[in-house]
Amino acid sequence: MPKDRLPREVIAMRIAAELKDGDYVNLGIGLPNMVSNYIPPGKQVMFHAENGVVGVGPSPEEGREIPDLFNAGGQPVTLMPGGAIVDHAMSFAIVRGRHLDAAVLGGLQVAENGDLANWIRPDRGVGSIGGAADIARGAKRIFVAMEHTTRDGEFKIVKRCSYPLTATRVVDTIFTDVAVIRVTPQGLVLEEAAPGWTPEEVQALTEPTLTVSPTFKEIQL
Amino acid sequence: MARAILCASAAEAVAGIPDGSVIMVGGFAARDAPSLLVGALVDQGARDLTLICNGPTGRPGMKDTSMLVHNRQVRKVVCSFPVPSTTSGPMTDFEAQYRAGEIQLELAPQGTLAERIRAGGAGIGGFYTPTGVGTPFGEGKEQRTIDGVDYVLEYPLVADYALIRAQTADSMGNLLYRMSSRNFNPIMAMAAKTTIVEVAEVVAAGSLNPEHIVTPGLFVHRIVVRPE
Amino acid sequence: MPKDRLPREVIAMRIAAELKDGDYVNLGIGLPNMVSNYIPPGKQVMFHAENGVVGVGPSPEEGREIPDLFNAGGQPVTLMPGGAIVDHAMSFAIVRGRHLDAAVLGGLQVAENGDLANWIRPDRGVGSIGGAADIARGAKRIFVAMEHTTRDGEFKIVKRCSYPLTATRVVDTIFTDVAVIRVTPQGLVLEEAAPGWTPEEVQALTEPTLTVSPTFKEIQL
Amino acid sequence: MARAILCASAAEAVAGIPDGSVIMVGGFAARDAPSLLVGALVDQGARDLTLICNGPTGRPGMKDTSMLVHNRQVRKVVCSFPVPSTTSGPMTDFEAQYRAGEIQLELAPQGTLAERIRAGGAGIGGFYTPTGVGTPFGEGKEQRTIDGVDYVLEYPLVADYALIRAQTADSMGNLLYRMSSRNFNPIMAMAAKTTIVEVAEVVAAGSLNPEHIVTPGLFVHRIVVRPE
């Protein structure tokens, strides 16, 4: 019987725990964006949206939207106290210039050398890169948030990406619905697994060989 | 006389844009597009355009650059976001025309797109960016290692016309933008031979705080007020 | 007996007449800066100072200085209605991006091909280029304001500059204390001369051969 | 906790700057220099510095970067304005040391200097500028013709520390500048590992209009208030 995988909310919570007080972080759309809901009280993390918002706040209540204030997904947002608006050149100067402490991005494939493919399924033929290539290359640490395998059970953590790449050798840590895996110069290191999952069970869903961390443990929040 | 001219209508503001022009259009998502000017350009009918924008991703009925694609005025798009993220919903005009081989696409990472536009406005002949190295976005481009980091060479983008949107103009063409609707507008204003802006209001020169101005009026050629 | 040369004020007035309504113009320090005093009423010219001021206004009355508002010469100035403040990167994006209609610069030497040398006398050994190289290269039309010859009577309008260059092939028109000379692909064209000066007398102070314009006339203001 | 830390004194703000550091110092002329921070760095005494600034042209007694040169803390200057325009008046410390071969100079056109600093902050590996082609400022540099225009290749400037001056900071480090004292400060804030700013006042986060902020707080590491 297959073991339970973590709900998306728990992946987001686990990543939120990884962020540091004072960090400036870009969140991709979808699951990555959920991270902003789980920053613990007392920890200040400022979120950057590549459309020129530094300090993205929570969604406004309906009817209380701030005119012309959206996040990179096009949704109405608020601004944190101390937030700032910049133009696109400055927004990506922040990204490319390595001024973001981290970015949380979705993933289609991550290779054992840290290559990231997250912008197009080859069968689609045409895709939107948006800011992903700049952000994946520019943020100091790249956290990938994704399901561990595809819906069809194919590997997403692979020896070598077969999908078109977003950036090469950039991924720091992969947070999936079954594990937390760090990309190191020596290969992938399994740091944590979902409750009840053994390293062997995680390995079975992962194409490259995992080294089990000496501090391997159950994912904790 | 200011460089910027106040136009009585959007039709007047886009008058004279010839077929074959290169057009930059500001805005990030469909909601903050310069929809008045884009609509006027649809009515004006210039064809064979090269369109530089974040992406013509609007679904039919949305008042963004997708209107120009829908009306078959566009030969080529240079953008970062040609198609919506999801394949649910009806196919966009851009995607249909692209799949039919009727429109060209130059896909650029969004930060590279922004920097190329800025370079065009700032008189920079080219620049080295780390974005895209080892990916399809670096393919066929000159690569160079500088101080141990790999870069690709990217070239500036310039346009014949920029259609942008701002909140407030003064009579000298100085512009303020509201919140995240700033996005590409200030750099596109720099990179076009003729910059046309739609605004919510025009105020007298001298009534804006000069420290708050985002786009100096010397980049602005035509202004039209958006009827609200 | 030597003929009268034009005072600096008259050179500045002549250049002011050359500027067009609606122009954005950078003025160098010294004589070029005097041009701003002679813009005729009804003509709007906005002056750019490379330290980030678009729309430099007249000097303030003593005691009425605006805090932290200086021109590129470090002197207190005012701001014209519709002026704007930009940072240095933007200020030179304006310059390099060819958004200035004209610049008025001083000159040590101008060559017949439009080369400009205006930043260092070779005997000084060390000089300040400031923004001159960018401005000379970037503004659409370069007007040089200078004395026609050195104090020692040496040519300043030369076949080839012997001083270190500021920019190559950029000068549009030379305004001196004896003449107005346009730089054309066919060489230097004498357009105007100070009252009482013949073309031959101007030529005698000018190393390259001057072509006398068919519309040659006395300098008029 | 914000990235920016409010320091109790200028001495605290410049503490730990080691010998051999690369230091950017904002300001255009002596009058708008971050004189509190520069004075503190004189007291702190770090030597063998590389100084990137518009120019150490202050006469003795002026509170600009010339103080660091006077105190013989500087090994090399990268600037556009190393010496005053006129030779009247006493020779500056920089010129005396330069003539004696005691200090190095990398002279850069001011726009190239600004763009190199911006490139350093924006992660650009190099750029092509038309400024300097065919002059001493293009000598020994790679040259390239792009679309019929000649350019030289220039490389980014980065620093270990930037000492800058602003008018107002909020507690997140967002900065506003007064009039033309903006100049190099915003781009230097982007290009240094540690950016230290002296301000006239610090206000609570949220009290500045986010559309007016020139330097977002993520570029700012230490703040000190100028006693007036």
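Read from first to last, the chains carry the letters A, B, C and D; within each, the first residue is number 1.
In this text, a contact is a pair of C-beta atoms (placed from the backbone, for glycine too) under 8 Å apart; a residue touches a chain by one contact, two chains touch by 3 or more.
Note that the structure is predicted; figures quoted are calculated from it, not measured.
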Chain C reached from chain A - shortest hop count over touching chains: 2
Maximum centroid distance from chain A, chain identifier (CA atoms): C
Chain B and chain C: spacing of chain centres that average the CA atoms, whole Å: 36
Distance from chain D to chain B - Cα centre to Cα centre, in angstrom: 33
Averaged-CA centre spacing for the pair chain B and chain A, given as whole angstrom: 29
Residues of chain C engaged with two or more neighbouring chains: 79, 85-86, 89, 92, 95-96, 138
Two or more partner chains touched - positions in chain D: 115, 118, 122-124, 129-130, 177-179, 182, 210-211, 214
Pairwise chain contacts under the document criterion: A-B, A-D, B-C, B-D, C-D
Parts of chain B lying in touch with chain A, wherever the complex brings them together: 28-32, 55, 57, 80-85, 87, 95, 98-99, 105, 107-112, 114-115, 117-118, 129-137, 167, 177-187, 214
For the chain B and chain D complex, residues of the former touching the latter: 115, 119, 122-130, 144, 146-147, 149, 151, 155, 176-179, 182, 209-212, 214
Of chain C, residues touching chain B in the complex: 21-22, 24, 44, 46, 48, 54-55, 79, 81-86, 89-90, 92-100, 138
Chain D residues touching chain A - in the complex, by the definition given at the top: 1-3, 118, 120-124, 170-172, 174, 190, 204-206, 210-211, 213, 216-219
Complex contacts: residues of chain A adjacent to chain B: 29, 49-53, 66-72, 74, 79, 85-89, 91-92, 95-96, 115, 124-135, 137-138, 164-168
